[in-house]
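As written, the chains take the letters A, B and C, and residue 1 is the first residue of each chain.
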């Protein structure tokens, strides 16, 4: 693929969204994915790593990935010029269980830069073709500081929509921040969404999940209706190299999306 | 009609193989150190060892393998895959345990959804000449894992060392294509009975008492057992067991070279490395030897059987022979069974 | 010999029992019976009633001080030979453990037997091995051979002049005579006769069979870096495959990282599955350190390793 556009997402410049377009028309037509899936992106000579697809299948033409600058490959991705080549393998992994959401409410809880695949899910559900397949959509998204929120322009647009309830919060505000200040688990408790007929999808850093999950329990969400996307060190992405296993399942092939009912039966190896 | 190959004909036979195939056989790298490698001259082949250090899986799954090469041409890169096999291959002298291990690796690499073309190309292009174990070691417990020193399954041809000659069995279509090989003569009746006698004796000798049967269910009940806090203690995390194990298949993928030109390579890796599961955020789900040892044992005896109905161990005994601190996996397995000693104290039983 | 070994074994057990019973230590690490002849395994004992699992013989070849990196919080009693105790001194200089964390049960070493050399001396698998006096009697299917144990000692043991762990808290045997059986490692003698090109070819040949399992690094008590240079990706010092230059680079750098810190315990060589003679590298460097700086690892608990310090008298002719 080729880098079409890149822009910085966060004020600390550590997160950058890359918009990639296919070189070949046939590849663009053949690439079909569902929100929740990931791709292995590579810069030849630097390496390859998995990244969740941030764009929705409804946004035809290009794929978006939000990359955190953390090591050799991600630094190389950050420094790519427009028109540069990027290697891609995908789509890989399972996806959010969109079929199960039909006719139900969807609660999306995101924290920090784990929000990437959640953006894919939300944009997909908000698309006119899909919006009336699910009932109420509630999104709670928190970051440590206002500057670290992803997709700020889109968040502003979503706030204006009537067919979605969006609550954006930060752990610490700044002088320009007019929105909510509070930790995601507490905001969740405050919003208090109904658990009946609702599926919850939660993605965030381990510490956020650790404190949010009990709140979902208090709100009576059963484990089968709570889904998460796990992070694990991966290499091949197709279940051969053995690296990303949790018990007998591979996060790259049988995940990364798992329900808590599934995770309960697996060793705590994540 | 049974065939045989006289040992005086071995070198010419090997040469004739090399005229048609790439031959992989055990070669001695230093006194007592043997590996399977591509043979350039029949004199290199050394079939005297009980088993090589590095297992036969190397022929299909090399320790370091180039996956593709790339070179920058204008704005784009020219990528050339290295998955094709130039010439068909023969592997000679693989023991039944190693061959059984290859069939376990088939389950991983020839999956339903994705197939590893690097592995399968080599696999399809290879004829396997298995070598029976006439003299198993005391550390061999293949008969506890559903194998045997004379297991023929997986071999295309099967050789049995009779001293002055090898008895030759042609087992599969690939094997039967050797029917008319000019070096194979008709085996004499006494040679056939000698082979039978050697087989009977060898099968008796391997350890069939290791309680592997049902280990998956037993381990499922041992989630938070004190066993895990103790079994890892003497392990120094040296990784020798994973590098010599014929069923271990973990690998790493790295790019070598620079942006202009280079290659993508896959190398064997080990779940016992601390860095193996380290995530970019700094979080490591397996931060200590305890979790990593647990992962290794559970993968071999619980997770792999859950996916493929077979344990990922063939009883070759290399991990017992080469572990610097003499961790004996048979004792770990014994302890999970009802035959275990009452207490499991520090270290191993 | 075996009388002496039995006395030492009993004293180790006695001391271990005492230390565990009065809670001087929480844990004793020593040697135990292996399931194969010529082998011992490692025992972690916490129960004073189980000390009879500790043994002592000529196959107690491991350096147990490596375990200290895994055990930062426990109070540990360790069974140590001369070389192991010297590693511990070297580690204490590098502040790898708290001063009162250890109790060293010192065994004046009778020199360890090279089990691989013994296996190569017979045809067939050894199923039983017994030490009797200076003899090692090995038996297998259809053979029984009597070997002189002194012909089968590890080279690092043959050159050793620090067999008594004087640094230990207690000695469970009488100090032994500190004279080496041979003055220099035989491989070093050969090595020093070679020209630089020949030395390189020898080194190249021996390292070419390295499989990068890093067993040598993991069993070495002095290798404890959280990220080893070979695993570093930024900067990337080596690739991760089997290219000869990477194998050579790894071994050269590892040997040099040991300079002035290595006690010559031989754990690296004993762990290597491919039988690469690693101690000739480290021993040669130790020899050079002795000549250049008059320093031997782990003898003086106050003297820092020479490569971490600078003296104005240090030779400088190599700076051109």
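The rule is short, and it goes like this: contacts are C-beta pairs under 8 Å (C-beta built on N, C-alpha and C of every residue); 3 or more make two chains touch, one makes a residue touch a chain.
Only a predicted model underlies this, so the values are computations on that prediction, with no experimental measurement involved.
Enquirer: Would you mind checking which chain's C-alpha centre is most distant from the centre of chain B?
Expert: A
Enquirer: Could you see whether A-C or A-B has the larger number of C-beta contact pairs?
Expert: Looking at contacts between chains, A-B has the larger number.
Enquirer: Using Cα averages as centroids, what's the distance between chain B and chain C in whole Å?
Expert: About 30 Å, centre to centre.
Enquirer: How many angstrom lie between the centres of chain A and chain C, each centre taken as the mean Cα position?
Expert: Distance between chain centres, rounded to whole Å: 51 Å.
Enquirer: Could you please state the distance in Å, as a whole number, between where the Cα atoms of chain A are centred and where those of chain B are centred?
Expert: 40
Enquirer: Scan chain A for residues touching two or more other chains and write them down.
Expert: If we look for residues of chain A contacting two or more partner chains, we find 71.
Enquirer: Quick one: which residues in chain C touch 2 or more of the other chains?
Expert: Within chain C, no residue touches at least two other chains.
Enquirer: Which chain B residues reach two or more other chains?
Expert: 252, 254
Enquirer: In the complex of these two chains, what residues of chain C are touching chain B?
Expert: 27, 32, 34-36, 39-47, 50, 53, 62, 66-67, 70, 116, 119-120, 124-125, 127, 206, 208-209, 211, 213-215, 218-219, 227, 231, 239-242, 267, 270-271, 273-275
Enquirer: Would you tell me which residues of chain B are touching chain A in their complex?
Expert: 70, 75-77, 79, 108-109, 111, 113-114, 116, 223, 249-255, 257-260, 262, 264, 266, 269, 271, 276-281, 283, 285-286, 291, 295, 298-299, 302-304, 306-307
Enquirer: Enumerate the contact residues on chain A facing chain C in the complex.
Expert: 71-72
Enquirer: Looking at the complex, which residues from chain C come into contact with chain A?
Expert: Against chain A, chain C makes touches at 233-234, 236.
Enquirer: Chain B touches which residues of chain A in the complex?
Expert: 23, 42-48, 68, 70-71, 74, 83, 85, 205-206, 231-233, 235-236, 238-243, 245, 247-248, 253, 267, 269-270
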